[in-house]
């Protein structure tokens, strides 16, 4: 009646764990999954937005990408389009301006009609001790992330409702939306707000044919994120060290998940919040996970000590 | 080896459950708990803010209450002060304006010095189908609730840090901050943002002597809340029906919890999120809780049917 | 600066919302995704387990299904195998017995070798007022659901670790694991325990090449679940009414999600908890979602009343 | 329009943060709060259970404490009783045995009548790599923590319901119940199960006059916990370092919170889960909290780099 399997030899942590978890970057869904579908992706010109646009386009969607930098959008659109053979439209739009959002949707309506798939991916962020944040610093992030997402979602939602057209809405948030995090506080607050917005509308607008879901990515190297969150590159190693799968994510891995959620294979998914982070969140949050540093020899000693403890 | 206690007679739900849960509205903490302490309460002129101010004042605190309506604040301050014998200061302040917040803290510094206790309680809300919300409607709420809380918190935090003074911060959110809720979507998003702000700063600013906690109240009759959330009074009965303790909350119950959290009895509490809702949230969220409507006779029938089920 | 879009005509809830959300039941992943892979599915003979086995088998996996009823397993195995052309092995096993679990894994090792994919799907449940539950009733559920999942997971985990073989573990829990729910309390507790087990091991065993994820299904008609949870069929209508997508789920929808999570497309997913419930959870949990019953005429009246409210 | 307050001098983390958060260990509630009340505390002979018993006794309750070691219970009972002047009864009981639980409640009924306050505090735990856990090791913990709590709760609940007597139930869980944690996996699972049990019954048994709440303590030095969780004392420093309030908790701090929750000041609290951990959980879980190690000089460099970043 022993508590411990002595046959189980104590192992030391495999340094090469990431070899178990090689990424697959090909599109996962069947070709043509998004044929005759229109997808609207904010921040689609770079990083994760670009990867999601590429995957949707590859699978047949007509895409519309929107952000502030028209030249970046145009370059991306041409590259994707020439790779996939499907049209990628661009619309310049600063999502924090409701007028601009309305104008952007007007333009999209004339280009492609209202979308079947909406991905709210545009965001801003930078690391900063909170006592250094000015009201402008605070607003610069929440205006893009929370208000921008709300304006895009409400504007499209209203028009889709008036047209009795269903749609899939997806928001890209982050693993610290739920827990909060120091040093990125406006982003944490705004992303938490986005999650509440999407869970709320999942409940309220199902009756109009709309689904709302959320992906919380862990760390994925993109220029936009890493240059403002780890400019010196100093924290990347520590991050990888605590990620159970031993590596950063790839934009294409988010893209495959996003494509699934946005597809008809997921018509029964709404109000879901999906963490895709290599296990980083659970690894950080669990109080005793630091014991991964205990060596087999130390475990043996600790077992002996615990066994010999009497009483409380 | 039966699964079911036949000795346990099936009961029908007690109509009078609320008799078990009579509220106690007296101050709970020892007299003088907040002697020589300064407390700052936004929205302290009405509703829950007024109740929390009353309790803190009664327990010895010098209070400063701030909101937009100076006349309301003054009337409340005089009433509380004359009841408790402790000074209640008033400062007019619209929290959504960072300049006004800064001016308000200037005035507080000259009146009382920086506070030991901060309660972010000011908020706005109204029920509305989300497809009817304009960008202005959205912003009217998030500006007060999320940005207002951030401006107050950041402004006070910075000054307290510069003065190497510790403090307890408390935010009043709501039970739908985590789950989201249709028909109050800007409030749900903004309150979720406030929770992330407070959890983030609990982690980041502990080193400066600051604690950050959250109360999520369930439904409590205040003019401000009920006139905009249930103007016809039609939903109150359904709410009470699903609250396991069978009644709405009392402002004084929130005040006692807030006083505890803000006191030195709770110096080891930080980053906590405390639901005070009579059990409403768990009652709504649990998928099978509607079975409370099954009568003893129906249970007997159901038990027989389940018992006779063969296989899967 | 109006808060409300008057152009947005108030809509009454579409009775036919489920037309927007027609299920797709075909396998989503590319053919051959699981070629040369071995999958072990507990409770694979019926319901969701059968559907997941079918999808994995169709995509190339050799499957091993295990539960108590050998005849049911054999019939299912033959039917799937003849449909997909891939071998489905059966092993009789009562998961609540650690010896039986160990014997089952011995047999699997000799049949197929250790698995690449493990799905802990076996469970038991029945509705019952908690005051009627005997200790045996309590244990009958927690022994299968929590201990059974633990025995299977620990036994396979140890052997995989000794063999330096990576694997994907998936557990099927339920939307009430997080919230709890009356009338299915042993199941709620045991499923919450399973979720903690999987989140814990996601953090701890990543270094051995293992991923751990969770699907929380909402209501899906299977004989096993519905005969013991809604034997009279009385609650189904109310459930569908509160599901934003207006219908129950299909076993094949869970199977597609499970296949994705178990595949190499998801090697960066670990510690994730994915709700697949048509939005039921957020719809139940959000405090104001009952306002979906308000008609356009009533909204007009309520808007007028709110607008005319003065002060707090 | 700067994002950053240059006036806010960058601070280096105060080494002496714990001076801000000195514990108060006196009883908080008014004397006599629990006069004529009977409290039942499992594991009341040691550690947190002893502290809670002391506080309740001091405030007037007649206490009954139960665990396996009669001699420990008796010594504690005498010490508390002689200190407070109120009777503390002892009952030997192994909570994992339903017969023993039933016998224990029989004895309590004859000694004091059924209780008004129930605190499920008994537990077992030890650190261990999960690949070393045998089925017996797993069950040794879940039987005490999950089944033990269930047997006590169901047995008392049934008898209270039959007697139409209301009561407050409190369970002591842990901060890793929600997140899970490696190396204490049976405890994490069992405590998560306890939380689901209590949230479920909060919804189901409100109609019988029962409230159910949960405290999740962070690290508090007790012989029982620390000898089995950190036998070498090696991890304590790292724990304190990441706790925002800079110290471990005190048993009396849990006792004051437990007394509040169990009192009539909290009759509107049910289904609540209260973390009392000095902020440890949010500090661990937030992805960027490690940036607390960045010095003021490094921040200046990082700000410059971020500012000079162009594009995404």
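Going by the order they are written in, the chains are A, B, C and D; count residues from 1 in each one.
One rule holds in what follows: contacts are C-beta pairs under 8 Å (C-beta built on N, C-alpha and C of every residue); 3 or more make two chains touch, one makes a residue touch a chain.
Since this is a predicted model, take the numbers as computed values, not measurements.
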Per Cα centroids, the chain farthest from chain B: C
Selected interface, A-C versus A-B, where C-beta contact pairs are more numerous: A-C
Inter-centroid spacing, chain D versus chain A (mean Cα positions, whole Å): 34
Chain A and chain C, separation of their C-alpha mean positions in angstrom: 23
Centre-of-Cα separation between chain B and chain A, whole angstrom: 31
Per-residue overlap in chain A, given as positions that touch at least 2 other chains: 5, 8, 11, 129, 131, 133, 158, 161, 176, 179-184, 188, 199-200, 202-205, 208, 218, 271, 281-282, 286, 289, 292
Residues of chain B that touch chain D when the two form their complex: 5, 8-9, 11, 13-14, 17, 19-24, 28-30, 158, 161-162, 164, 166, 199-200, 202-211, 218, 243-247, 249-250, 253, 256-257, 260, 263-279, 281-283, 286, 289, 292
Chain A residues within the chain B interface of the complex: 98, 129-131, 133, 135, 138-139, 142, 146-147, 150-151, 154, 157-158, 161, 176-186, 188-205, 208, 271
Chain B to chain C touching residues, read off their complex: 1-5, 8, 10-11, 43, 45-47, 69, 72, 126-129, 131-134, 136-137, 140, 174-176, 179-184, 188, 218-219, 222-224, 227-229, 231-232, 235, 238, 280-282, 284-292, 298-299, 301-303, 305-306, 309, 311-312
